[in-house]
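Input: a single structure, listed below in structure tokens.
The chains carry the letters A, B and C, assigned in the order they are written, with residues numbered from 1 in each.
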Amino acid sequence: MSDAFTPNPVTPYLKPPRGSEATRPEPRSLFESSPPDLKVLAELSGQNVLYSRQFSFQQVAELCKLAAFLEQVEIWPYHPLDGKIVTTAFFEASTRTRTSFESAVHRLAGKIISIPDGSITGAKKGESLQDIGEMFNAYCDCVVMRHTETDAPKRILQNLRVPLINAGNGSGEHPTQALADWYALLKWKPRLAAPFETGDRRLQMGILGTPGSMRAVKSFLLMSLLFADHIEKVTVISEMADPFGKDVTESLNRADIEYEVTNDIRESLPKLDVIYMNSIAFLGDSYKALDARYKLDAESPLKKDAVILHPLARLDELDTSLDKTPHNLYFSQAHGAVFVRQALLLAVLGRLDRLPEFS
Amino acid sequence: MSDAFTPNPVTPYLKPPRGSEATRPEPRSLFESSPPDLKVLAELSGQNVLYSRQFSFQQVAELCKLAAFLEQVEIWPYHPLDGKIVTTAFFEASTRTRTSFESAVHRLAGKIISIPDGSITGAKKGESLQDIGEMFNAYCDCVVMRHTETDAPKRILQNLRVPLINAGNGSGEHPTQALADWYALLKWKPRLAAPFETGDRRLQMGILGTPGSMRAVKSFLLMSLLFADHIEKVTVISEMADPFGKDVTESLNRADIEYEVTNDIRESLPKLDVIYMNSIAFLGDSYKALDARYKLDAESPLKKDAVILHPLARLDELDTSLDKTPHNLYFSQAHGAVFVRQALLLAVLGRLDRLPEFS
Amino acid sequence: MSDAFTPNPVTPYLKPPRGSEATRPEPRSLFESSPPDLKVLAELSGQNVLYSRQFSFQQVAELCKLAAFLEQVEIWPYHPLDGKIVTTAFFEASTRTRTSFESAVHRLAGKIISIPDGSITGAKKGESLQDIGEMFNAYCDCVVMRHTETDAPKRILQNLRVPLINAGNGSGEHPTQALADWYALLKWKPRLAAPFETGDRRLQMGILGTPGSMRAVKSFLLMSLLFADHIEKVTVISEMADPFGKDVTESLNRADIEYEVTNDIRESLPKLDVIYMNSIAFLGDSYKALDARYKLDAESPLKKDAVILHPLARLDELDTSLDKTPHNLYFSQAHGAVFVRQALLLAVLGRLDRLPEFS
């Protein structure tokens, strides 16, 4: 990395504190594996970001490399999102996702219109999402939306003509969370960002959760299919007979990836390299814990170098006794969400040309 | 318009999509009819904006011409509201109006303090609006307030000394909505911005709603009185015996304008050039639909060139089948609200001198 | 003050309106008593601001002198908080405190992420403050937090590594309110910012409220102990047997300050120079008025030059008939909170070097 760049002032705060062995992979390795290809990212200009399957392997890899650059340097002085307004329309409230997008926009010197809760909006008057979409065409350059209803993106896109970034739609998808998940994994093992090479060891991946009904889990699993060559097997640990649903099952089969469903966590856990966990789902109008029997803590029979991902918020299914162990990749995952969302916003809003030269 | 200006980047998103014949009048004609007279607009510096009747015909015309300029060009690089803070104090929540003001401030490079809902404020502690007004004197340069109580502006103005812009006060007024309404009409027929000339055809104007109890309708009707010379007659279609109330009736009589009240929508509709519709009113603490029998859809017996205005949000009284027809002026009306609010903020905050030369 | 500075544009709005004799001390005297000592303020860089007792007399005096500078000049053009993000995390909602911090950040050209209410956050999902703290490490440079629970700062600080400013924690403290209180007093009597000199007249200070259970009162009283040399006696007027609680009692005793508790307001009031009043406390999950028998109005037997402080919001315990009298120092106190919070943010965020030369 060129000495011309000021280091990102956030960096010291992301280092695990003294006494913690949490895994914090440096972004440097991913960035230097090969610099971001802006031609690939330019394909995203003006695009909606609705679900994992719209991305190619290369787009995900380049977004993550750009995120690695943005995590290392102080980008704000370049004001790349100058004059751009992003609306964070959170008809379903959230602290984590909304504030992470707002942080991403601020660090890029963009501007924010914030709708933090659906109950305090015209939606209370019964206004349609279609009409809200037409309105947003004049108000902002991009809408980041979270909604309790799965068809909300479809409805707002009937009239919305500026890019929409889906921050979670009912039991649909949460594609930017999947990007954050894979950004953490690509920093952890930069070789995953390149095609599989004979001799690489494939990953045993586990999922504690229900892809069919939990949007973050679904998006993660579907994005993981882009990396199928690097994956030995996906083991879904669930008590449900069909944790996938028809749509995900079809994608799994098309991807030619080996997978299994088991309810035996003790038998499966010791084999896994990556465990993705999420037990909280927003169903209907409240939060429910599924598969609550499956908890992880420092006593769980984890492989020595296994890492855990969790989109957070968590209740007690992911015990805090794991926070200081090297299994903790989930804090890095949470931190990194800001940078990969910055990369995505720059690409979607067509502002890659405002970036400085990388070298 | 001088080539020195960058076109407003929002413009492509405001064009009706392919297949739609919605009426989108270009701002160019209004702006070029005669450029904005900044001396007239300077009269508004430091003024509160509380109700329609405070404006002169000329102030409305010049505000709309300035809005037409702001709609065409990218104004952000001039940072006209540099260093200015606007508080959007929405004790009565709103998506549309609050976000439209916030977009207006952002595009002018001003700053925003956002109070999106009255239930999450000190008001819950029973704090008086008078005390809130005294507080705002130190916090910001301008307050945009919406409140469920009609006397809220009067109460906050006991101590507030920075300009107040009324974004809706109970069953009082909504003057900036009326400005948005007339901005749409003046773009549609720029001759309305000049004195009536013999040979012009006067407009048949219709109102579906209750001016006496719906603040947006009231403000629109009262602002229309400034254009009385251009209006043949105002027909209010309502089931109520007295849809005006004493105050509006007096203004109507003083304005020497012909008006009538009828409940026969089928007989009146085919004669009207402009139909202003609003059937949702905030009464007490909830939304009520009045005159719900009167609905418009693509089958309604509308004059060929008739245009419809509606402040939105709408329920089902204005059918979406009209959206793609030339009768749809309400989408342009919604878009234009941002630009006329920009013009108003520049005038009230005394920043007209930051504008570039128009030619 | 050098002529190089533009006067703060807010100044005219802070002057009491015609007909009001409210006390508005000019910041000039405090600033010119001796200019702010930035070396002392540099001690605060990167520090959490949790309670009154963490400050030294000198730090409070210098913060208030810097506030006096910021109140007089227009600081925004120097952009001292360029690129810095402050999160206002108000899990307990507030209009006054949140908007005053946001105004402070805006005037310094910083950026804001706003969480205006705890009910619209991941906290609803049961997410822990510890996890929220870890998240904030990547999102912002500083967190200003208000919470209903007294141990909330302790919990978030388990993982939060950027500075935390406590804006009120249950029945704990409200240190920045105490700074605002003392800023008002130091402008009123600049000699209080210097060591006591023989011949100065000591103050008779009164408190109408319950320091043990009202955080603003507690913080004010504890910060007042730094000025013990200037105080003749503290009289707490309360109906409670022990209005202090063990912790405050110990601090009072250590400070070697004379104090008494009485329930006789009529006997005590005429002797007091400063009356600090607060009768609203947030207890549990609602607001309660304590000691509601004790009200002040224009007929109260106040000493001629006595001044009243009240953190506001108020109900009817502090009558509006006092607003136009010289006893009213509470409006100045409310205004000044913005400037002393600006001073604090500059110090905590290590941006004192962005200030212009004072002379």
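Throughout what follows, a residue touches a chain if its C-beta (ideal position, glycine included) is under 8 Å from a C-beta of that chain, and two chains touch if they have at least 3 such contacts.
These are the chains along with the protein names UniProt gives them: A, B, C = Aspartate carbamoyltransferase catalytic subunit.
Here the structure is a predicted model, which means the values were calculated and not measured.
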{"item": "Classification of the chain A:chain C interface as same or different, half of numbers criterion", "value": "different"}
{"item": "Cα-superposition angle relating the copies chain C and chain B, to nearest 5°", "value": "120"}
{"item": "Centroid distance [mean C-alpha coordinates] between chain C and chain A, Å", "value": "41"}
{"item": "Multi-chain contact residues (two or more partners), chain B", "value": "114, 116-117"}
{"item": "Touching residues (chain side chain A, partner chain B) in the complex", "value": "83, 85, 87, 111, 113-117, 120-127, 130-132, 134-135, 137-141, 161-162"}
{"item": "Residue numbers on chain B that touch chain A, as the complex places them", "value": "9-10, 12-14, 17, 74, 76-77, 93-96, 99-100, 102-103, 106-107, 114, 116-117, 280, 287, 312-315, 320, 331, 334-338"}
